[in-house]
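Look at the two complexes coming up: chain A is in both, with chain B in one and chain C in the other.
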Partner chain A sequence: MKKRISHIVLATTLMVSILSACSGNAGTANPENGGSDQTKTLRFATWDTGDALKIEQDIAKKFEAEHPGTKVQVEAYADGFDQKLAAGFGAGNPPDVMYMWDFPTYHQSLEPLDSFAEKDKDLKIDDFYKGLFNYGKIDDKLYGIPAGFTTRVVYYNKKLFDAAGVPYPKDGWEWSDFQDIAKKLTDTSKKQYGFGARAENDTYDLQGFVWSNGGSFISPDGKTIEGYMNSKETAEAIQMFGDMVKDGTAVLTGGKGQQSGDDIFKGGKIAMWESGIWPLESFKQAGVDVGTVEIPAFPGKPVKGVLAESALSIAKDSKNKDLAWEFVKFYVSNESIKMRVADLPVRQSVVNELKKDQDPLYKPYYTMLERSDNTPAFLLNPKWNEVNRQLSAAVEAVMHGSNAQEALNQAVKDSERYLK
Partner chain B sequence: MNIQWIRQLNKRIFSGSYRSIRTKLLFCFLIVTLIPLLSLGALSYYQSAKIINSQFGKYGENAVAQLEQQTSSSLGRMKQMSETIYSYLLDPAHTDLRNQAPISYSEIIEKNDFEALLKSLRTDQTAGIYIITPSGYYYGENNLDVAKLRNMPEWKTKPASYKGLYWLGFYMQNHAMSSSGDSNLPVLGLAVPIHNSNGTQNGSTILIEENAQELIHMFKLFETDTKSHLTIKASDGRIVYESASNFTKKDSDITWIRTLAVNQWTIEARLPAKAFYLSSGIIRSNTIVVAIISCLLAFGFAYLFSSRFTARIRTLKDSMQKVSFGKLDTRMPIEGRDELGSLDMSFNRMVSGVQSLVQEVEQSERLKKEAELKAFHYQINPHLLFNTLNSIQWKARLEGADDIRQMLYHLTMVLEGNLDISQELITVGRELRMIEHFLKIQEIRYGNVFSYELNCEDSLKQYLIPRMTLQPLFENIFFHGFTDGIGVIKLDVIVEKNELLLALRDNGAGMTEEKRERLLVPDPKRRGRGGLGVQNADQKFKLHFGPQYGLTVFSTKGEGTAIVIHWPKEEERPDGYSKEN
Partner chain C sequence: MAQTYLQNTSEPTATLKALKKRRWGGLAPYLFIFPWIFGFVFFTLGPLLFSLVISFFDWPIVGKVTFIGLDNYVEMFSNDPLFWKSLFVTLKFAALFVPLNIIVALGLAMLLNQRVKGSAIFRTAFYLPSVISGVALAMIWSWVYSGDYGILNYFLSVLGIQGPDWLNDTNWSLVAMVVASLWGQGSMMLIFLAGLKGIPKDLYESASIDGAGKIRKFLSVTIPMITPTILFNLITSIIAAFQQLTLALLLTGGGPMKSTYFYAMYMYENAFKYFKMGYSAANAWFMFLIVLTLTFLVFKSSEAWVFYEGEMKKQPQKKLKASTRGRS
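After this line comes the complex of A and B, so read on.
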């Protein structure tokens, strides 16, 4: 009996020593941990490029300065973000911290942040705009801390309005006003158009218009698209843009052989352009006298907006979760938010301090924020990406002159199988 | 004048100093050091240059092979991609893909599917995949400006009727919709015209662009690494890529050529022979520098050593020369215990030997001269003497003093022998005859009171003896030995060991030991009678026969004296002169 016990003890100690040896080896073999314990490397993946990327690198450097012995490795995945991120998760070697928007796809690989957020008073969670957290939640678990957001507004070129003697649009306007203005500002001899319609729309962005018309892409429970994606209201909202292209008051942008809408707007060849905050800086830099106004309303219906949000998430496989959380917290601190001019601030205190919501150029974003409480389709159904392919094709066909109702019917028919 | 100067120099180098031991030593040292040094240097240069050149050659070969492999892999990937796309387009299931912008939902679905395929074909290296239709519509990413593309020189070179793969080569990807979108990325382009008379895509062109940054970087790396000039030529001779550097072909260039299996492009790396042999050249120049330095060192050391060495020989030579000029007190300082040192020592010994010999000769010469001078002093005109003695003799006969006449007669005989200086050496017989005359005189003088016993074989009488050596000894006996001439005199002449031995004994007064010792020592202060004759006799023997000969005197006070003389046997020569003369 005693012998057996001693054997067990021996075996256990052996196991422990072997395990500790193994883990020791793993620790030294892992290049992410660096050569010594002093320097830890934190990998941060972003889809940004250009100026936005530079700002992120500056924030990373600041973080390094405040946390000696830490190296933040900013990995700019740019257009290949989704593929590289998926590959990283697949290989079990993801970045520690990453930009995130597609929570339905990735949430299983992400670290739930509720416990971090609750524990950490420094985060001041109440300071964030309400509703931003909705986007980072799956099954009531928080997977991302909002880092930046934008709503969508209508940009207009004041110079073209002045030249045509058309008054600037004002909040509370309707789509009929929009179409009238577009018609007035179209001058085909100058290749100047009232509006720019995207040849290949992101259906996510179109949701604001669909919601404004009382339509939707999917049922509120996320299970049905029949009667939603091809509803009269949905088709109407999309058809409206197709019609504008057809009657020549809008020009197709961003398709094959077509310049992007941002570029055409900068070139002063379209009077109105609908987008988020992203191009604002470049419009200003291009010397366009630009104004912003909220999205027009359909008659008798409330205007709805859609929120584009970038959040920061921590990988489940990260080996430095505490440090990663420190970085996330630093990234959404007032100091960092002020540095990040390409996004709208996510904290009310920063907005108040900078009086952003009182600047006429920025105000529409915040009024649209108040109107962005609908849940986007992709959050309602994890198979949305498959459905979206058909929907995108239908929308594209509409922009090229197809009938919206027919195209959407066909798209619904083709997509039903993904939802079964 | 110049020629003369050179001739002089030549003379100095090759005739004068060439003969000196130092030059010989110098040359010897140089040859001994330089032959192994130079051959070792040459050998090591030859070997290392060979190894380096072959390694560099292999390195270049491998590097080009690597370039070939990288390029091939890019080209192969693109080719494969184009084949996939081509076969997709030939598939009748995809006839909805049109030659212009799709409009309907189904066309757009088809287009999206196709573009999804294109996207899935992309790799990290893919810079663009497009299918450009004749209408100007294209499939692929939305960033292509067809008008810009068609203006690109690389695109223009593509013949309209081309079938199969057309490699556009390397160019900048500058065909984006907006100029700000131009990536300025070096790409490798492949255009594949689609010939499918039934298909809707007939006349379209597949354009595949691959990021060539890495390839070009590799080319550049290769160029800087090997300093060679890289040219990639298509099979039709079109230059696809060429190094930026100025380069003129030379036949001596080292070339590495590879042909790509994929599309028959030839990669040609040319390296000027000068650059190729640069490294071995460095070794060569280093070897030469080292060899020169070693030569100088060897020369310097050889010079130092040989001059130290020859300096000693030269001093020896100079000393010998001095000795030959008569400076006999020349001595060599002895440096070191080597052969030269012992040579110096022997030289010194030899010179001191010579010096003492010369001193001896000088001494004997001086003595001879003194003796001659003395003889000269003693010389009296013999005629006057003899005539006078004759007159006295005749007077004595007339007076009837017969004993005086006899004395004079014997005296004349003695003087005759004494005064005849023409011969220094005379026979023993003649000397003995003279002694008999001398004894006759003494007999007349003292009466018959002494006895004389001669013991000499007749055969010994022919040998030579210095003139007037015995007479002074006899005179000494009568003056110092005997009182009133009474006593016994014995003279024995015998042969002993091929030498003559003469013993003259008397039973007279003898002499003290002190006197006997002083007898034969020449003393310039002692001028007087007694002993001078003995010394004179001794000197005569020594002068004629050598210092080892001469007189030995034995004496006991009151008992008598014995004088022993020994000298070599010498016979009178027929011409009447002894060997000495």
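After this line comes the complex of A and C, so read on.
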């Protein structure tokens, strides 16, 4: 009998200990409400890693110092940003402040910021570059305050140009110049190529080229893709890169198990590389003698560029909205903007102070900014994600040798049903 | 115990006490397995049924949840080219992977069954890859297959062959995935090895007396004796083939040009990339039906080719009788 009782006791303790382990988190401080001693915890989610994350943590620490009794919990979601954020929203437990760019997907869960921005003079809204706010608006409501942005330029490796005796490219060049140069700088015996084409292009980034050729992915009202996504101009712009891969003047980069274009450029194996400001710092550190130039033009057509913007948003479910707004404001203050180097300052006063737009290395980003007034496709149609799946499959096929016009026709056929 | 119990029956209160104690005693085993039952109900059965429910909803993680009946299933079959594409890729993968997996595992098990010095070391060495987590394995293979600096292409270049960029070449990517998947099959090999060890030696001896060579012995003794093991491995292989996700996710991401876009990957992306939870749950339940059907078919067919020890098929028995009668 005693044995039996001891069995029961043992089993019960086992069960209780397991159950208490399950609920262990509930007992400890709840990060949302900020635990003990009236310190308020603000959760801030970012997709950055490495040096950029370090800077964000420094900004958070400064904010804590200026706001006693506040703790900023920086949550670095990295590659899993979208998954973790969506899970947080789905569970009703999102971070208070977060990085944001995909407003069409998330705006229902975000706090409209118009009233905050209007009554708060400290924000100095006129100091921001014009147009940046358009990327954070849905149905004329503002959901995000721009924190940083970049335009896209062509990087070139001066050493390779010098070695081949080719003059550096200048603003106002055309795609035919670009292709000639790529041909001259290709030397397959040294595994050196004129240009690096992405194996998996983000269709978002390609829009700049498509617009430059007078094309577009979607009609301006966001309702039609037939005749836009598969127009002659759109197909031409994408075909150009496919052709360069085919004739060997461009190499496919960044596929699985392949080096990224940034790395190959650093290694001096591609002469020209198209990207935003992100890799510039690492190019300098790697000792590449790098130059930047604005994107080439199609003959007789104005160059257009696409913006990549990161904004800060506040969750609708946040319990500390006022504190969250203080943090957002602090994050886009001159002081914080100067600390950040991974993208371009959003305030004109900072740019003027640092004379960034006069530095030849940075100037092309600002000339491209003047050419970035088109609206990206994802802001025009809430179903764009579905269409984009077909479109990126088509673009990938072109990089692997398919005909752009045929691939895009197919993509339009496959995705039109989503727009109905 | 029994005696005290009998003695106590004379006194009613004592009986009740004993019964109570007995009842509590009977509870102990259930308390012991309670953690498992709890886990099963809340973490397996619950989510399973829940996924069936949400497959009838439009369920984005962010936004409104709406009941749409069978729309997810209709969309899947009639409207989604990626559904058919990924299903086809998975079937192609399974057709290559399942037979190869069984042949290679059986081959290795046969080798390890030899009496060689240090066979324990070989057994460990061949089992080791299946201890490594799938993610680490995928990392290793991504180095092996790399077009520029991969060791596979280095060996090929020593032989004077210019290897393809395995993972970025639509002709080779699926083959590369099959080979990488074969790597982690140590447990299947061990099961085969156990099956081989279970074959009675006298069967081989009597076969040799009858003048059977090595191949004859393999075909007429080894294979029939391990058919139950083959059946088990066949079914687990089929399930594994349909659930292949880790390698696709990490090695190729489904590319190039969807040539390694497995059904599980398609399901995963629907759920966690495009946040279509309901649609993805519908995908999952369809996969369950496919696997269930295939398993059922394999089981049905097994009546014809699986032999358990001491059992004989009915037809050959009759033939045997007939022939003996004929002779006598």
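For this structure, a couple of remarks:
Note that the second predicted complex is superposed on the first by the 386 of 420 C-alpha atoms of A that agree within 3 Å, B and C clash if a C-alpha of one lies under 4 Å from a C-alpha of the other, contacts with A are read in each partner's own complex, and residues count from 1 in each chain.
The definition used in the following text is that a residue touches a chain if its C-beta (ideal position, glycine included) is under 8 Å from a C-beta of that chain, and two chains touch if they have at least 3 such contacts.
Since we're looking at a predicted model, the values are computed, not measured.
In the superposition on chain A, contact is made by A:Tyr106 with chain C only, not with chain B. In the superposition on chain A, contact of A:Ala87 is made with chain C only, not with chain B.
In the superposition on chain A, A:Lys121 makes contact with neither chain B nor chain C.
Put chain B and chain C next to each other and count what each touches on chain A; the higher total goes to C. Legend: residue contacts after superposition of the two complexes on their common chain; A:Ser392 is shown touching chain B, with no touch to chain C.
Once chain A of one complex is fitted onto chain A of the other, the partner contacts of A:Arg417 are limited to chain C, with no touch recorded for chain B.
Contact with neither chain B nor chain C is seen for A:Lys170 once the two complexes are overlaid on the shared chain. By the touch criterion defined above, A:Ser260 lies against chain B but remains apart from chain C after alignment on the C-alpha atoms of chain A.
Contacts of A:Lys355 after superposition: neither chain B nor chain C is touched. When the two complexes are laid over each other on chain A, chain A has residues 200, 255-259, 389, 393, 396-397, 400, 414 in contact with both chain B and chain C.
On the chain A side of its complex with chain C, the touching residues are 1, 4-5, 7-8, 11-12, 14-15, 18-19, 82-83, 86-87, 89-90, 105-106, 108-109, 199-200, 252, 255-259, 385-386, 389, 393, 396-397, 400, 414, 417. Those residues of chain A that touch chain B in the shared complex are 200, 254-260, 263, 389-390, 392-394, 396-397, 400-402, 406-407, 410-411, 414.
Residues 101-109, 112, 136-138, 142, 144-146, 177-178, 180 of chain B touch chain A in their complex. Contacts from chain C toward chain A in the complex involve residues 21, 24-25, 27-28, 31-32, 34-35, 38, 61-63, 79, 81-82, 142-143, 145-148, 150, 165-168, 170, 251-253, 255-258, 272-275.
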